[in-house]
Amino acid sequence: SSGNKDKVVLNVLNYGEYIDMDLLDEFEKSFDVKINYEIYPTPEDMYTKVKSGATNFDLIISSDYMIERLINEGWVLELDYDNIPNYQYIDEDFRKTAFDPEGKYTVPYFWGTLGILYDTTKVDGTPTSWDLLWDEGYAGQILMMDSQRDSFGAALKKLGYSLNTTDESELEEAKQLLIQQKPLVLAYVVDEVRDMMIGGEAAVALLWSGEAVAAMGENENLAYYVPEEGSNVWVDAMFIPKTSTHKKEAEMFMNFLTEKENTLLNIDYVWYSTVHTEAINEVDEFLFDNPGFNPSDDILERTEMFRDLGDSLQLYYRIWTEVLAN
Amino acid sequence: MVKRNLHKIYMGLIFVFLYAPILVLVTYSFNDSTSRGNWGGFTLKWYIDLFNDRDIKTALYYTVIVAVLAATIATFIGTISAIGLYNFNKTPKSIMVNINYLPVVNPDIVTGLSLMILYLSTNMRLGFLSMLLSHITFDIPFVILAVMPKLKSLNKHLTEAALDLGATPLYALRKVVIPEIMPGIITGFLIAFTLSIDDFVISFFTTGSGVTNLSIVIYSMARRGVKPTINALSTLMLTAVLILLFIINKRSALVDGQKNNGGNY
Amino acid sequence: MGNKIIELKNISKDYDVRVLNKINLYVNENEFLTLLGPSGCGKTTTLRILGGFEFPTEGDLFFEGKNINNVPPHKRQINTVFQKYALFPHLNIYENIAFGLRIKKTSDAIIKEEVKKMLKLVNLEGFESRNIDSLSGGQQQRIAIARALINKPKVLLLDEPLGALDLKLRKEMQLELKHMQREVGITFVYVTHDQEEALTMSDTVVVMNHGEIQQIGTPVDIYNEPENAFVADFIGESNIIDGVMNEDYLVTFLGRTFKCVDYGFNKNESIHVVLRPEDIVMVPEKEGYLKGTVTSTIFKGVHYEMIVNVGALDILVQSTYQSPVGDRVGLKFTPEDIHIMSKEA
Amino acid sequence: MGNKIIELKNISKDYDVRVLNKINLYVNENEFLTLLGPSGCGKTTTLRILGGFEFPTEGDLFFEGKNINNVPPHKRQINTVFQKYALFPHLNIYENIAFGLRIKKTSDAIIKEEVKKMLKLVNLEGFESRNIDSLSGGQQQRIAIARALINKPKVLLLDEPLGALDLKLRKEMQLELKHMQREVGITFVYVTHDQEEALTMSDTVVVMNHGEIQQIGTPVDIYNEPENAFVADFIGESNIIDGVMNEDYLVTFLGRTFKCVDYGFNKNESIHVVLRPEDIVMVPEKEGYLKGTVTSTIFKGVHYEMIVNVGALDILVQSTYQSPVGDRVGLKFTPEDIHIMSKEA
Amino acid sequence: MNKKQKFFAYPYVVWMFIFIVLPIVLVFLYSITTKEVNNIKTINFTLNNYKLFFDPLYIGVTIRSINLALVSTIFCLVLGYPIAFIISKINIKHRNTVLLLFILPMWMNMLLRTYAWMTILGNNGIINNFLNMLGFPSLRLLYNNSAIIIGMVYNFLPFMVLPIYTALSKMDQHLVEASHDLGADNRTTFLRVILPLSLPGVISGIIMVFMPAVSSFVIPRLLGGNRSLYIGTLIENLFLVTGDWNFGSAVAIMMMLIILVSMSILNRFDVDKEGGGSNLW
């Protein structure tokens, strides 16, 4: 629209479909900044892209363990929280996380859990355990995720181990469990789980809470739970990579997104759990009462966050390859 | 006669096979539900959304611009180079033709990443230009592969005749060789355009600075479920192309007609 | 006639093998020169070297005294009518013929007029907007001629331009071409494997075989004084008989000794005797110098062609009167009809 | 000769326009029949209908008495030598020739022998493993002939098979083909636009023009008794002169009255007089029936061809003696040399 | 043609070197080193990446991928040849339209089209709904090898049809006539003349289908439900998820080798004998 050369250009990188685009327009308008908005499909894609240094991003939204990795590699700038007054509304529980233990680098964006979405018309009773994913009664109706950390997470938790274990024998056990499960699995998918569950294509699915909530909004026969053995909780957060040349404007944008009104707009678009202490009280009833969106505290106590595993990650890759190639 | 009908039935089935997914896609662009799984009634809202969708609009813009530019430039370079290569001696020619084959053989992801490494090691800023260059690079081989056989089947006496009649080699090229190999050039262009418009992997790794294309948008959306807006967009594009085809057909019929009637100038 | 317009000096051409071997030849201005020879003897190759489409492996090519070895085709004032037409399939007939003028940016009005004239010349008026594919071979050939002539070149190269035409049209076109050549004063280098055509049209005939020139001369020279058996045999049908030259004006062949008009050979030199079929007169058996049996007789319109077996040899004889197969006949000829050729020529 | 092997009844063929119009024709077994006519007259089209590659728009086609309108080419015992060779580029020469036998699952040994025989026949021994592209036009044509003949078809269709050969080779091949046709007893339907070739080889000549048959007859009939001016003109070079038939055996043309051998015309009927150039004798001016000036003289090898202007008309004359251009000469001929043709034929 | 026109190709020869050869050299460099190649000082050469490739695990993946690609290619050939043949027989006026209609679906995004196939083939998909309506039980159509093959055939069929069509349409019709004339019926003519003459097109088609089929990762993932690992997915994972570019490069180089070798084998059957499969379209 405006060809003003002197305008600050903010390079933003985010998952696709993870923000209400109107907010970008509004921010541009009110702060006279131009936003170059780019999207990516997976955290790994993000990592490759950022590390390539092709674009000097100013603000990135991504997931916990990937942020941790970048922080560990010294790629993330400390924030000046004075520029982000709205940070006060962020739930204390999310300010100091495993990936940012001192709360220096990030502003949390959304969060969620890993759990099981199931079709009440096809599943008897009220399951509470990971065992449902290994239930031979649902052979050919189980959807797993094509995501090694999540799939291993389910297996490890079922076995009572940590999500972040690097113990080879524990992993070997988990691998055997996954191989044993393979004949029951309809598909290893990521992108389509929600649509498939809405369409009644499968009975049980390993899924993230936000997707589950969205699916439940479309199909009332669906239910979601976080298994009692424990599970994964994840947090997506905003941070500023060291390549940024407009740190101040990036912080302004973080503040902007953390405003209550804007958070509500975003919730309405994204449907993941919010970290905003004020906004949570103003979401509509369906969301507020939904265990996917607003899990009870005891569920949270049972969950664990993914950590950056450093070089041990290779081990996961190798055994996941063996699971798939089997 | 029976055979004729068999042909028709076979082609009919093939076209059903080819267009069934397209039909599904078009149908779901009118689906009043965000999910592909179920039918929520008829709506036009995705078409309205489309015009307000900033993401999709920029992506569409870059997709079309890059595809048109890359296909055009690649067709130009490819045609010229094919003519050049055609005149190479046997061994260098076969080496070049084989190198030319490599991008076709290579997995996109390898091409994309290796091009990215190339740009970065030359300190080139990723963005529109790098994406365009990459598209041109993987388009050219297909153009060459489309043009080369036409050159081979070209009666070589035609060029000679043109030269003989006083045409400079360049004039002969423009007025005789190019028109003669035009079908190959058009095929090459179409293939290049098709590849460009559909490319995700190579674009993703070689773009930056806010430049995206539709494929990147679609792939990045996939996690959260592809919005039916994209279906609406595809439907519109399909319609546009069909209308274009129709017009071209009408026009060429007209031109043909003129050819047959006029001529006495 | 005039000066040499084209000169070939020691031109050779190798592909996998040598297809032209040390060709020396000049063409005078306004001359009608014909390359004549059997299929594969190198006629087309010679023409392509003149046109600039092939480069000689050895030797030099001169045009108006200047070496043009390295001048590209479009800069030579030479136009070609190709053996396989080479019409532009994407252009209609009008545009094919107009091609050369369009390059020169001639005005549309003049082009129109010239094309019309050319179409008339080749007997294809009204074909302007037709497609190349819709023409018969003969028609295509004629368009190719029109396309080359419209450029008014200094030299026109024609590679069997009339090969696809029927005899009637061919004869008309022969006269037409010859006429045109005289009128516009263009030098023609003409390739044919039709001996009669060569004799009819040419000022000079160049007889080739196996990539070498066998004889250069006027039609009359070539026909009446062939320099070797190949030429004699190739030009017109000849009976070629082994013989011995006893002394000047005396030759022995087929077991008999004849008077003749040739001299200058070594005593008892082995030679070829050439007897033209039309020079031999068929007479009752006892009157003939040679006696034999008619083994074949073919109607050729103008005359009958008969083969007479004289024991060791078949002799070809032409006559307007037919002798039935099986007849015993005698053959007679005058000393002037006996042509003697050295075997080494 | 024998029974009708092929019969065409009222065959017509339309493309955009009518190119064959009500062709009626039969071919006898073992006959050598030639279709002769100018370029574009429909010869190839007729042959393609016989071969089964085109379907007649109207009319019926019989083979040995059976209607074969709807019989596909491969079921017809007819083979074709195509005008543009149509050799298989993916096969070498051996395999091209062997093609027909391979289909019949002939044993390799026999194929080898037969191919060898055929290659010898067409004078291309040792070419077995050569590539098609490496052959000259004439050589390709000969391979095409060999490929068709190896099948020993009942009828062989040949579309100007010798068109690309030089005269010498053409004459040899003419004799060869004729010989072979007699030997193996194949019916030949031959297309040519070369009148001499037609006369030389054929048992029957069919003269066509504009898609219609002009005359069917033996070579001698066609040459000596042309049914109309087109045939007379097309077969051999003729002088065709307007005249009036005063009464039987008496004709007036060019202002003089002559005796002739024709009769049966109406009194004072307008007719065409045909005078063959070779029948006209050139005499001193005062001895001639017609007097004129020589305007052109061309050496043709066997004879000279001169044009004599007799005021209203140019008369073509052939003679072994040359009269220089500008000479006043007289022309003489006998009553037998005057051929009268009705104008309506 | 004019020898000088060689120069036309020189710019592209330079281009090829920069944009094709150089990147592949980079990939090769990655495949024979450990970690980054950017820093010349820390470069360490190794053949371990290739050794790893010959692990039965990856050999299994490779063989499975080749099998799948072969089957898809054969299906494309069997389905595509008749299509090319029929199109080449269509009246010239309509031919281009039919060809365009044939390419047109490829202008819709591949991911979208593949999703559409999921809608068609799913357990509650269009086909199964239809079957249920007629009273038949549902079929398991999605997430198996047949679904992958359908997807591959769907996406790559035009790559088979176009080159064959081109070869057929430039064939001299007189050759077919000559064959009939020499006694060959339609079948024999097809086998002995048409097929051999269209062989260059068939070879191009096979190459053009086999190559993307063997390296595709989207189709096995979406339509195959990722139930088994294929080489394309492997490479993608290695580059994107694992970030093991070195091994990824080795696998990519091996895949290129496999394809190049099969190409050169195929080209032996090419009657044009030009090498490099220069007969596409």
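Per-chain residue numbering starts at 1, and chain names A, B, C, D and E are given in the order in which the chains are listed.
In this section, contacts are C-beta pairs under 8 Å (C-beta built on N, C-alpha and C of every residue); 3 or more make two chains touch, one makes a residue touch a chain.
Since the model is a prediction, treat every value here as computed from it, not as a measurement.
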Problem set entry | Required minimum of steps from chain B to chain E, each step between chains that touch | 1
Seminar exercise, completed: Any chain touching chain B and chain C at once appears in the list none
For this session: Please state, in steps, how far chain D lies from chain C along the shortest route of touching chains.
Result: 1
Seminar exercise, completed: Greatest Cα-centre separation from chain D belongs to chain A
Seminar exercise, completed: Per the C-alpha centroid definition, the whole-Å distance linking chain A and chain D comes out as 90
Exercise. Where the centres are mean C-alpha positions, what is the separation of chain D from chain E, in Å?
Worked result: 56
For this session: Let me have the rounded angstrom distance from the C-alpha centre of chain A over to the C-alpha centre of chain C, please.
Result: 90
Problem set entry | chain A and chain B, separation of their C-alpha mean positions in angstrom | 37
Seminar exercise, completed: Expected list for chain C, residues touching two or more other chains, is 72
Exercise. Which chain A residues sit where two or more other chains touch them?
Worked result: 42, 45, 48, 196, 199-201
Seminar exercise, completed: Residues of chain B that touch two or more other chains sit at 36-37, 163, 169, 172, 219, 222, 226
Problem set entry | Listing of all chain pairs that touch each other, if any do | A-B, A-E, B-C, B-E, C-D, D-E
For this session: Under the touch definition given earlier, write down the residues of chain B that touch chain E in their complex.
Result: 7, 10-11, 14-15, 17-22, 24-25, 28, 36-37, 77-78, 80-88, 94, 96-111, 113-115, 117-118, 121, 133-134, 137, 140, 142, 145-146, 148-149, 152-153, 156, 159, 163, 169, 172-173, 177, 184, 187-188, 190-191, 194, 197-198, 200, 214-215, 218-219, 222, 226, 230-231, 234, 237-238, 241-242, 245, 249, 253
Problem set entry | Touching residues (chain side chain D, partner chain E) in the complex | 51-53, 72-75, 78-80, 82, 84, 86-91, 99-100, 102-104, 147-148, 151
For this session: Would you pull the chain A residues touching chain E in the complex into a rising list?
Result: 42, 44-45, 47-48, 140, 146, 148, 182, 185-189, 192, 196, 199-202, 313-314, 317, 321-322, 324-325
For this session: Write out the stretch or stretches of chain A touching chain B in their complex.
Result: 11, 15-18, 21, 24-25, 35-42, 45, 48-49, 52-55, 190-191, 194-201, 211, 214-215, 218-219, 270
For this session: Mind listing the chain B positions that touch chain C in their complex?
Result: 155, 157-158, 160-169, 171-172, 175-176, 179-180, 182, 259-265
